[in-house]
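Each of the next two complexes has chain A plus one other chain: chain B in the first, chain C in the second.
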Partner chain A sequence: MSPDGNPFNIDESPELSARVLSDISVSGPVLAFFTSAVVWLLIGTVFGLTASLKFNFPDWLASLPALTFGRVRPAHLNTIMYGWISLASAGCSIWLTVRLCRVEVRWRKLLYPSVFFWNLGVLYGTIAILIGDNRGLEWLEFPRGAALLIAVAFVCLSLSILRTFHARQVKHIYVSLWYILASVVWFPILYVIANLPFYSGVTQAAVNWWFAHNAITVWFTPIGLAAAYYFIPKVIGRPIYSYYLSLLGFWSFALFYNWNGIHHLVGGPLPTWLISVSIVASVLMFIPVTTVAINHHLTTVGHFGKLRYSPTLRFVVFGAMCYTAVSFQGSIEALRSFNEISHFTHYTIGHAHLGMYAFATMILFGAIYYTMPRLVKWEWPYPILIKYHFWLVAFGIALYVGSMTVGGILQGLYMNEASRPFIESVEVTKPYLLARSGAGVLILIGHLIFIYLFCLMILRRGPERKAPPWREKMEVVAP
Partner chain B sequence: MMFIRATTFFLGVLATLFLGWAGLTLIPGIQIREVKPSSELKPYTEEQLRGRAIYIREGCIYCHSQQTRPEGFGADQLRNWGRPSLPGDYVYDKPHLLGTMRTGPDLFNIAARQPSEDWHLIHLYNPRALSPGSLMSPYPWLFKEEDVFSKEVYAATGERVVPVPKGFAPEDKVIIATQEALDLVAYLLSLNHTYPIKTEK
Partner chain C sequence: MSLPLAGLILILIALIGGTMAMVAFIWAVRTKQFKDLNAGAYIIFDEEEPVGKMTDNTFGFPESEKSNKNKKGRGEYESRW
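Our next item is the complex of A and B:
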């Protein structure tokens, strides 16, 4: 049986028709999640590029308070994290859950309110930041009202996923499902604890960075990994390399990653033991990351040729490789000797984008490319545009991370050399900040292509095609 | 086929989260709760708190840290940015503004390095008037531009005229600081933690 089966034909086998029924049961909510995610992707990208251009031309649009760097930058982070990545991950996780539990979705009526409250929360929070109602905590800038809306939306999603899981028709729980189930339990608890009003001073700094890093630990990363664990074997058509490795990978991930947050405060006014604990935990991340990397790589090895034909596989494998890269980088960044240079510099910004873009966003693109034809019963038109999308954003993010890495290291070295005036550490970054804006333009063009294709899918427009792009090509190539 | 019972799984998942929570926030929170304010640290005045709110509103935190690193870790000490900051220096900070970025310099002791109110006002109106090459955003909405002929009038009515150098403000205008600009500068001028710390043994 084909791993990337033709979504039009539901009579191929009973197993396949059951799968189509579960797909249909969630197609409405998943489409709603994806569509709103894509809108936030566009808004967030424009905010990001604006913030970057502010470094190149600080007096550009300077009379508009809502577009000052200090407001556009958090607007970028929050629209991308809580808008694009969260909503796309929500759609992805509920879709994977029904697939992996082989049932129709349960408590479906909770999912539309989830989409609604989520979007309302992000909209309210973003407007609040732009008009100056920022709470002053990184990753927690949204006012409590907006945070409450998002928390309610998340709980709705969690309940639907957990209820669907409870009704599962399978004995074996696939590894992707572990990550999703853990995630939907972890994140609401984390988000509520972090938004409690009890903290101040350095304790609040600890809670702040425990949360900010754990948002990545318990939500963005697990869903990315769940998708990679599902789509790589699915598209290639062979099982994951080792079950035991994925077990080890999951539990070491859960155990160590939760302790990483305070590495954002190395050298800061917190108890030394606390910072050391986070550094140790960050280094221990080598274990789950290596495990996952081996598992994904040994599943893919020998099948790299398929990357040419399957857009899903191309995006997901790119993302999975960047997960390995960004995690190793993160472990090294936590070490005091390296942190002394990279802390407080653009290096960290490069690292963040390697994680949240090259890993998380690329995998979500792959997931959307796979899922959409099954949701709207229409094949992606214009495969050549998918190719442009991939290469524009892949080259864009490589340029982004490259320029921030080099620029950031130079900035750190200059900053730590007391004989140089501080302004030299600013001047040295300028060409790299300009390159970063160039990268942002490439990424924005890539996103516009993606959004154009996405709109065609929603409207079921463009040339009608009978099979996924890779299969058409395979038939031409294979005798 | 390996099968993990769902309840065991969820308990394990919850345990990992709470272990991290307890280790990184609860236990240090208990340890830090006993910290007393540094002996010479003063609570913020109302004006300084209003200025602090503007610091948060305009997102100063995304380019400026408020934490000084110890000797041998970065050049904070060699640059005379003030002794390493301690938990006791932050007890009145809600929300904390430690920051993680230094596109611009650390501000924990900016008032000790730059105590001039004029300097800060001009710098907020147009950073490049005082720091050539700076990437900082200007904050013109914290100021009013008024016609020059009324300059004496404003001075007489107690308005704060900002002495912006020639070429950095419109020729025929006089720049007046709003209350928000004055509040923000009052906050910046409160950032001085260079007082000595008595080491208790």
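Our next item is the complex of A and C:
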């Protein structure tokens, strides 16, 4: 580019310009996605802690219908899934897409309506849950109107990502991009099918869990893995250990994971073959999960010291390790012999939080720590607070999953023992439920610290820290 | 809507979805996405952010990079971090 014709006054290598320009082109929408995600994170965490405290103090807030357990708990699930994780994943996926395609974002005009409709849908759905208009299907509690708004928002995001992909300047499709493309094509289809008014009875239950597990399969997990496959090598400065394995992992993931949903209904009144197929597919998940685990570990090995210097690497490596753990745990949980104990107990709650918090949320924190300085051109103030954030939530989620795992197994064993009165299986979980609320408090404090730092970043406040040399190029183009 | 018709629509959607995935895979093979895989792993790096360079040091600098502190322009930068 000639210095005269270059609006951003960069005459460096064209590749650098591409990376910086693509960051800039998408900064507004990504900030909008992240900011609204962080608002839902706070709301969702408060709902979650409220629901947890109701196990310890059953009479607390019981007089307000909107704040009874049956409404707060689905409000927690939906604000976290469709608010925090989905919006943060949307921002992360569009940011990764422009970087990996090395172009400016296309159809940018679709992204702001996407943020708007998404928030409107989650707000409408959450209010509907709180006033009692709940569809009674886990993960599908939102009324169809709210689901429609979210689907429209998602299609806007998908179109923008696919158009950007179409305009790509890189011939090779990086493994992260495979995951992102798969999820933006499949998730809208899945969400619309799951919300169709066709189903009833057992079919409805099967569709419900087919959807709920596939929401993880085609949306939360692929974006988390896409981020891990980008940030771990990018932060360390070392390519993926085995690129071949990563692609084998992607295609086996695409082949096996979407069969898994019915393992939630082990023991239910469904055709046995349907459940068996799902269990077999769940066990086959060992293949893609092992490829991811080997790859992430061998990329990081020898560089674990770098976790001391990079918050992104800390959060993402923690998340990647928990992905391995939660997936192996899920495969084993699908087995009938183990499911006998764990079904209908707190064990499942621990598993869900290991997946959606220790894996998905932690990786999204890492992604936000990496992208924000490049979006707002301001360095994170108070690195010590980032460390507090990490240790509070890492310790909090470890305590959470640990207590739910032990408490859940005891609960399951007590319930299976026919001679014991049922109430004993409730009594035995009490100390573990108290530990869970303690973990929830730690996580809430961690989130408050994160939100404080995030607000400082958005407002570009706090002590000014000099950007690293390779980021100075961005100062040139600061608006 | 009667269930058999709904079932047919769903099977149709499933077939379309499956075909899409297969077309994507065949397209990827045809356009040589799976040739020269090692080069693919390097596309996240560029001249300004090459292999061997950490791109996030919010908590400070690794020892190996500190040994370069005599290089021009590093001194001030060190002290601020």
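Note that the second predicted complex is superposed on the first by the 453 of 479 C-alpha atoms of A that agree within 3 Å, B and C clash if a C-alpha of one lies under 4 Å from a C-alpha of the other, contacts with A are read in each partner's own complex, and residues count from 1 in each chain.
Definition applied: a contact is a pair of C-beta atoms (placed from the backbone, for glycine too) under 8 Å apart; a residue touches a chain by one contact, two chains touch by 3 or more.
Given the structure is predicted, the values throughout are model-derived calculations rather than measurements.
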Quiz item: With chain A superposed, do chain B and chain C clash or fit?
Solution: clash
Exercise. Please work out whether A:Y174 is in contact with chain B alone, chain C alone, both, or neither, and reply first, second, both or neither.
Key: second
Self-check item: First, second, both or neither for A:P233, with chain B first and chain C second
Solution: second
Exercise. Identify the partner contact of A:K306: answer first if only chain B is touched, second if only chain C is, both if each is, neither if none is.
Key: second
Quiz item: Does the superposition put A:V202 against chain B (first), chain C (second), both, or neither?
Solution: first
Exercise. Classify the contacts of A:W251 with the two partner chains as first (chain B alone), second (chain C alone), both, or neither.
Key: both
Quiz item: Can A:Y243 be said to touch chain B (first), chain C (second), both, or neither?
Solution: both
Quiz item: Is A:V326 in contact with chain B, with chain C, with both, or with neither (first, second, both, neither)?
Solution: neither
Practice problem: Scan A:L100 for contacts with chain B and chain C and give back first, second, both or neither. | Solution: second
Quiz item: Does the superposition put A:I189 against chain B (first), chain C (second), both, or neither?
Solution: both
Quiz item: Does chain C touch more residues of chain A than chain B does, or is it the other way round?
Solution: B
Practice problem: State which residues of chain A lie in both footprints, the one left by chain B and the one left by chain C. | Solution: 172-173, 181, 185-186, 189, 193, 199, 203, 243, 247, 251, 254
Quiz item: How about chain B: which of its residues touch chain A in the complex?
Solution: 1-4, 6, 9-10, 12-14, 16-17, 19-21, 23-25, 28-29, 31-33, 35, 56-63, 65, 67, 69-70, 73-75, 78-79, 84-87, 89-98, 100-105, 127-128, 131-141
Quiz item: How about chain C: which of its residues touch chain A in the complex?
Solution: 1, 3, 6, 10, 13, 17, 20-21, 24-25, 28, 33-34, 37-62, 73, 76-77, 80-81
Quiz item: Taking the complex as given, what residues does chain A use to touch chain B?
Solution: 54-55, 58-59, 62-63, 65, 68-71, 73-74, 132-138, 165, 171-173, 178, 181-182, 185-186, 189-190, 193, 199-208, 210, 214, 218, 243, 247, 251, 254-255, 258-259, 261-262, 264-265, 267-271, 274, 277-278, 336, 340, 343-346, 348, 415-418, 422-423, 425-427, 430, 433
Quiz item: What part of chain A is in contact with chain C in the complex they form?
Solution: 12-13, 15-16, 19, 99-100, 170, 172-175, 181, 185-186, 189, 193, 196, 198-199, 203, 230, 233-240, 243-244, 247, 251, 254, 305-306, 308-313, 369-370, 373, 379-380, 383, 386-387, 465-466, 468-470, 473
